[in-house]
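Structures for review follow.
Next come two complexes built around subunit A: one with subunit B, the other with subunit C.
On to the complex of A and B.
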């Protein structure tokens, strides 16, 4: 389990703190020029890549899925990812092109990928899987058809109730249907987001920040529900600081210019509740927001079994700081 | 195509009994021996002169060659009615989708039980189930709660694994 150590790079989710309250919204916003490029190399980069690759090696069926007809889109993805990486971090990544013969260098890891662009036989993995292993995000490619989006390629290592294996081929609405432990409150929101996604144009990605609490685990997928389901019960007001993590999912929706597909990028970040003391204003805002979560939302987010303990922990922490 | 509809127990095409869609020009009725008397009764009673009817009877087994020829030769405006047991219906349904029919153009009337499947999220295998809320995987024995979501790609309902108390 890793956590964010450079808090200047952590996406703190409660930006509506003036009201000291939190509700769901489809707040997909346009991006400032500095945020259009979603590449982000944090101090956790190497640890995340190591873990992501382990998961892909150990559980290929769980972590990576694609349809055979997606190869052209996969190469479009390769080009996009390399362009963004080289553009933002020329000191870390570089690309050399001799016609279709490309060499991508990852200077952080000291690795090179040499391939013939557009020729799958020149590499051992699928193109999307190959380049995705150099970056810590989860990547979902959704093809636009009949006013909906269908999941055709996915590489994932930090799933929250998502499974490339199960969700392959599903529409945006099917994937975001109510998840376990939930009511049906998410449905209307899902459809609003779907309609919004239809308006996204190439070169103008949108972003959205989602958050949750996780109990001692970064990976809560369907395949391991039997394990993490009961584990949520072990949180107490004493151990919540260490076990419970604020899980932030910064999402990007990028229109691919050639295929017209939407690339859905997730940057998942974790901060244990105990680290909130490093930013006292965050601690207080988080406490006010969590204390205000309605029951239905706690159920929907799967945090109901340990939310009261987490709120109590934060309250005790704030009180102890005041005493000092 | 992976997103093509499949017949499953909550398919919108499933109806209680055969009822002709009077907005269509032609009615194609495919039925097996379980449905034969009902179909003949409806045909004797509800047919209208200006509409066209065609039927195809399934005997002991489906003559696939004849079925395909029939489905592919249909023109726009044909409504398909499948009246049979589950296995015959599933086979005809799949052939009809392959031949270009959409769910809006198909009515399915099932004789006998409908089949349901669960997709195990532990071993990624499919098991046939009844209407219990909790079941065990017939391949890996994992306990699963039967979820409400159906995958057309995996052809089953999601099975959420749990460890029984």
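On to the complex of A and C.
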């Protein structure tokens, strides 16, 4: 388990909900030019990459899946990822292009990837899998066919009830079938958001922030539920501060012009509840929001077995700070 | 790789293709590679005309994988809104224009076993890149292309040379006039997808014919030049969630009125063909002028495509 140590780089999820507590909504917003580059190297970069690669080694089929017709799409992804990384962090990443002969250098890890761009036989992993292992994000390619999006390539290591193995080939509506996706005024959101995603054009990416709570885990998928399912029961109002983490997913939606797909990028960050004291305003807003989570949402997000303990922990923490 | 905003382009070359069609070659001012695109894609172009900016969509006709430049082919149409006339009469080699990234609302059907294209006039443009893609992938297709005469048929020589045996031409004003008809769709194998591009009347006729022949809706694809006409009445629009009332004049579309009032209404093609400007209707009757929604869909839910449809009476109440 890792946690965010540079809180200036932690995307606190509830800032927009000061007066209103959290409910599902179509909350995708347009990005300013300065926010488009989703590369973010935090103090936890090396720990995250190490764990991501371990998960990919341990369960390769669960963590990475693709369809054979996606190779050209994968190369478009490789080019995007390298360009964004080199553009934002030229001190950490560099690329040498000699015609189609490319050498990507990761100076943080002291690694080089040499390959012939567009020729997957020049590398041992698939292109998407190869470059994805240098960055801590999860990457999903949702390809637009007819009027829906289908998951055709995915690499993932911070699952929240999702896996490439389970979800490959599913449409946006199928993937979101289990989500109790209803807005404050009772509107069913899945299909509305599918339509909204269709309006995302190349050159105009969008973003949103999703959140969850996790009990001593950074990753829950259907394939390992026998392990993490029972663990959720060990949370008490006393140990919740240490065990329960506020999990934040900063998400980007980038329409890829050649693939006609939406690249869905997730940057997942964790903060144990006890660290909320470092930002007292976050502590109160978090308590306020968690105390108001409806049962159906707690159930779907998988936090139902430890939500009451977490809320009680936060309440006690706030009270103890007031006494001082 | 570019990810954001619009692209500044220099007009590098202009070719006269037929008497009324010009092809414009656009090169990125920063000389960096452009995004590759998919067959059927278009760009939105922004050209300054005095203090106004003309915003027009044109299909790309350059090779989808050629990232050094884009090109578009424009038919000079004096009866249109003035974009094509401006491009023809005022845009010169060396000028700077802005374009969007390539967008595609007219994609090839992924599951098609065979692709059949029907083009009327300048409606040929999106099919050029679709055919390039299919040829590269080794897939089968055929083109039916109607023009007035051989001389006015843009890309006639190119098509004949590149795709021999796959193109059928119909010249309505030649010595022996031949009309293109939807009937040829009846002879296609199951699994064929059909594609139409041309004026509203042509697309409507072919779409209805295809459905009546039993083509599944997902096998029928189309793109329009412009929205259907009709009397443009003035009306009022109330937006419930922002508590505003806006007047829509006869000269404006509902979408234009919304945008002018600073409301972030969604849109894309502005021709009633892509469905992206759909907005929920709370009250009031809609005069539907799009061909995007089926009658069935219109019955099921209350919505309007703001780029072309209007109020039947004095007022509409919308939720945006």
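By our rule, the second predicted complex is superposed on the first by the 313 of 324 C-alpha atoms of A that agree within 3 Å, B and C clash if a C-alpha of one lies under 4 Å from a C-alpha of the other, contacts with A are read in each partner's own complex, and residues count from 1 in each chain.
Rule of thumb we're sticking to: a residue touches a chain if its C-beta (ideal position, glycine included) is under 8 Å from a C-beta of that chain, and two chains touch if they have at least 3 such contacts.
Because the structure is a prediction, the values reported are computed rather than measured.
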If you stack the two complexes on chain A, which partner ends up touching A:142: first (subunit B), second (subunit C), both, or neither? neither
In the overlay, answer first, second, both or neither for which of subunit B and subunit C A:49 touches. neither
Could you look at A:298 and tell me whether it touches subunit B, subunit C, both or neither (first, second, both, neither)? neither
On the A-aligned overlay, A:84 touches which partner chain: subunit B = first, subunit C = second, or both, or neither? second
Applying the touch criterion given at the start, work out whether A:166 contacts subunit B, subunit C, both or neither, answering first, second, both or neither. first
Is A:130 in contact with subunit B, with subunit C, with both, or with neither (first, second, both, neither)? neither
Subunit A residues touched by both subunit B and subunit C? 145
If you look only at subunit C, which of its residues touch subunit A in the complex? 1-7, 35-38, 41, 64-65, 100-104, 107, 109-110, 218, 266, 268, 275-276, 278
Residue positions on subunit A within touch of subunit C in the complex are 31, 33, 36-37, 76, 79-80, 83-84, 144-146, 195-196, 198-199, 201-205, 254, 257-260
Touching subunit A in the complex: which residues of subunit B? 2-3, 119, 121-122, 124, 142-143, 145, 147-149, 151-154, 158, 160-163
Can you check the complex and tell me which residues of subunit A touch subunit B? 61, 67, 145, 150, 163, 165-166, 168-171, 174, 177-178, 180, 222-226, 229-230
